[in-house]
Amino acid sequence: MYQQEHVVQYYETDRMGITHHSNYVRWMEEARVGFLKDIGWDYAKLESSGIISPVTEVECNYKKSTTFEELVVIQVSVAEFKGVRLKLNYKMFNDQDELVCQASSEHCFLNGDGKLVRLKKDYPDFYQAIMEQLDEN
Amino acid sequence: MYQQEHVVQYYETDRMGITHHSNYVRWMEEARVGFLKDIGWDYAKLESSGIISPVTEVECNYKKSTTFEELVVIQVSVAEFKGVRLKLNYKMFNDQDELVCQASSEHCFLNGDGKLVRLKKDYPDFYQAIMEQLDEN
Amino acid sequence: MYQQEHVVQYYETDRMGITHHSNYVRWMEEARVGFLKDIGWDYAKLESSGIISPVTEVECNYKKSTTFEELVVIQVSVAEFKGVRLKLNYKMFNDQDELVCQASSEHCFLNGDGKLVRLKKDYPDFYQAIMEQLDEN
Amino acid sequence: MYQQEHVVQYYETDRMGITHHSNYVRWMEEARVGFLKDIGWDYAKLESSGIISPVTEVECNYKKSTTFEELVVIQVSVAEFKGVRLKLNYKMFNDQDELVCQASSEHCFLNGDGKLVRLKKDYPDFYQAIMEQLDEN
């Protein structure tokens, strides 16, 4: 399963002394960018193929707080994909391997005219690369 | 129903030319702070009562993009509250009254020792003030 | 002198309990956008005239901390402008009228090809509107 | 000379297509945290010694824009320190070794009561560690 790390920055904390909850949504993006690069479809390739991929939904369940200087490991897997809406799952762990956040995001794919792209038909290689990461659990 | 406004800032946009999706989670907080003040329980009062209220869950459905200089109206209502976990609903509209984001957040209430506070029993006035905002739909 | 307000948000604080210093740079932008609108050259007008205006320099002197829910008044004036580089001054005050931050920013103006625009010659109306805001102190 | 890396995130870009200028101030903090750890005075040690170190001044000269996925190298050195106000210099380079931002920050050191700490006298080890990084240029 794809995973990458993020060290909590001082500017990501709030006056409760912990990471502000909005930052987890940003870390999901960080990990997603890495995930796409890992399966061979990095941003430059998407862009040169004329595809953009807006976020249509995010969901975060905060299990445990984190704070400045903590190392967070973010795992990404494919929850569901039938060719139009891609749903990704995220699990974030602190350095004691405790689950700090469980999350998901949903994405569609648009071409330069803003029209929906059907990946299965129009970009079968990309579709296949994503399906290989499908979460079997 | 409580509502407040946010004008999209330049620094909230991203290179897709639109508001970065993480900012909606921050606008939910802005509106929540206003909502709590409106029902008579602003942050200073919560703090002096020794209550903190972490976010345990957020969910955002992005319906339509917004961008720099757009005025967004954020409506807040109480989705569900039985005394322990407070679930709030948010609806955000652009200036054509189009729904741009539908969202929810969940919160618990903790005292200074980090122990769960049962609002219904321990802060009946606060509990009552929240219940008056319960979404009837 | 042009001025506008900003209420410090919870997500702008850090674990020192105060506004994170990077946010003042964002508030300068907020006030600058308002200032340009006030002198009749809002972003839409700049954009339709094909002008972009990158920041080439910022400087902030932090005099006093601020925190969540404080109202900050940001004053903007023109420090220097000879037609190429625009230097703006900012003074930010808390609600006790204490100076919390003194700052400046420098900007150039580019056309769609990324070439330097000489406002005095190419946009004399815009140049004139800016010069009327020149700080006489 | 101490240096560390930052990869520009998507959420750090703005609708001009480039890194929003406020983020460089955050990268300075990232590099400063690493610099202090490198000289043996990381945040945990400062905190357990009862020292906090607010930013009193920042200055950024933007030389060249950066954008999503670019690797930025941030160099940190001590510009000046006589025991009370620490001034740090920063140079940031893109992966073509071009200078993208030249910056500085100024800091003081406070104890738990908010009183100014004279590092030379009160924390001679810390003072010495900083002086070894003094920029000779």
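By letter and in written order, the chains are A, B, C and D; residue numbering begins at 1 in each of them.
One rule holds in what follows: a residue touches a chain if its C-beta (ideal position, glycine included) is under 8 Å from a C-beta of that chain, and two chains touch if they have at least 3 such contacts.
Only a predicted model underlies this, so the values are computations on that prediction, with no experimental measurement involved.
Participant: If you tally contacting C-beta pairs, which pair wins, A-C or C-D?
Facilitator: Ranking A-C and C-D by C-beta contacts puts C-D first.
Participant: Let me check something: if the centre of a chain is the mean of its CA atoms, which chain is farthest from chain C?
Facilitator: Max centre-to-centre separation from chain C belongs to A.
Participant: Averaged over CA atoms, how far is the centre of chain A from the centre of chain C? Could you give it in whole Å?
Facilitator: Each chain reduced to its C-alpha mean, chain A and chain C end up 35 Å apart.
Participant: With chain centres defined as C-alpha means, what is the inter-centre distance between chain C and chain D in Å?
Facilitator: 24
Participant: At least two partner chains per residue is the criterion; list those residues in chain B.
Facilitator: In chain B, residues 10-11, 16, 18, 22, 26, 29, 68 touch at least two other chains, as defined above.
Participant: Can the chain contact pattern be summarised as a line, a ring, a star, a complete graph, or none of these (other)?
Facilitator: Graph shape, chains as nodes and touching pairs as edges: complete.
Participant: Could you please specify the touching residues of chain C with respect to chain B in the complex?
Facilitator: Chain C residues touching chain B: 9-11, 26, 29-30, 33, 42-44, 68-69.
Participant: Could you please specify the touching residues of chain D with respect to chain C in the complex?
Facilitator: Residues 16, 18, 21-23, 25-26, 29, 52, 54-62, 65.
Participant: Within their complex, state which residues of chain D touch chain B.
Facilitator: Residues 10-11, 13-18, 20, 22, 67-68.
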